[in-house]
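Letters A, B, C and D mark the chains in the order given here, with residues in each chain numbered from 1 onward.
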């Protein structure tokens, strides 16, 4: 069941995502936003490749970091903003597929710090193959609404 | 003094970097390649911004990871290639400046694993302000030359 | 169902754990060893405390690292040994309880590298409270049996 | 030149270290405490070994984490305490020597968060061999003096 407060939260998160030019640059979208969870999708296209024709590891890290950050934003008050303090990413397999999906989730939510993780999958012939795993620390800035 | 083997190494590293479409996409260049060290530069332009007009943290991570990886490549044999196994990045300050510089360095070089770090600086009015710090593990694939 | 090869694996892992003096020093035991999974338990006693009477974060990290490493060992061939390359640990809550449980699991298993994670719980009045989360990279050394 | 405020800071840090039973358990001392820097020393003795007779990686991580945390404490106000949020540790070489030295340093100091690093060295025949490298995030709790 989606509540009114949920739909305001989703709107707030999507509005922020939409202001990130860098996400547009790589053609990322965020089709899933739920309490404690987001998904960022990126189609495979030549502009984001590395030298072997796979998606660049930097792009994998970029969507993992962003999916985790927005997952954190889904659980913070309206008058707060979030800041990515640090993250650690393991690259498990080449990002080889028709598209990538980064799934960010809140693991532990405190007043000041939120810990998230993200898994990145390459979708190949309809199958999801995990290609990266991230663990991240987010800081909540209370009273600092995003404009 | 630059030796012949150095200049071949620099050529090899720059040729690989040049094949990374994702680096072109964000307008990154690699003006510094030395034994154990590389620098990636990115001008500040609107396509790589996040919602507050700073350079996106994902782009900061992308050039840190890449600078560290190529620093590792400068110390590996010609018939080897390198793979980014994992990295950990702390974001220290907003990437607010006319351009970014990621400086990657080899910390410890083993036969199979190389540990690097990278510092990312925002250049503002000619001053370098450190905005991110990375620690990274690279795997060396012997006998797997990059085409 | 436990197979013969499982019971040899469990024996091999427990024999290695038993040779780690540092695990005896903190009074750690490893009551759970299964394919891809281990558990290390430590009772709360005053010798492993920090200044506020909780278990020291360093001890939490120690059992997380070790549980992840042995989880990796459960999936490697008999003539191989494992090496902890690096790990990243988030401390989520004070380690406040009658005992600690570190649960290590294999996330991805390759020929040379294995990625694991570990969760550490404080057991308080029979409830498990997660107090730390780790992501780790393990290297497999083939042909290097532990003596 | 040591100022009065420095000597109070050193006293405060050493008093806290001295209340950590776990540091006594492994026979650690902290002979160096300066603004932004600490050193923890541990003699090699059999109680802290792993199965090959080297110092256990968990002990290496324990003193790296603690040295970084106390380095942070040297730069915080008297009425504040510090909390280790997370750290990432690369193990570079076996901890093989007569003693270990963990050197913790403040890299970036903010009001709420402090980033540190630590290097751990094995001292063998008077030479220091780097065996681990850590990057850490510390949270400052203002108005929460340690008792």
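Remarks
Operating definition for what follows: contacts are C-beta pairs under 8 Å (C-beta built on N, C-alpha and C of every residue); 3 or more make two chains touch, one makes a residue touch a chain.
The structure displayed is predicted, hence computed values, not measured ones.
For chain pairs A-D and A-B, the one joined by more C-beta pairs in contact is A-B.
Among the other chains, B has the CA centre that is most remote from the centre of chain C. Once the centre of each chain is set as its mean CA position, chain A and chain C turn out to be 30 Å apart. Separation between the centroids of chain A and chain B, computed from CA atoms only, is 23 Å.
Each chain gets a centre from the mean of its Cα atoms; for chain A and chain D, those two points are 34 Å apart. Multi-chain contact residues of chain C (touching two or more other chains) are listed as 85-86, 88, 90, 137. Note for the complex: chain B touches chain C at residues 85-86, 88, 112-113, 137, 139.
Within the complex formed with chain A, the chain B residues making contact are 16, 19-26, 46-52, 55-59, 61-63, 65-66, 83-91, 146. Residues of chain D touching chain B in their complex: 88, 90, 92-93, 107-108, 115, 130, 133, 135, 137.
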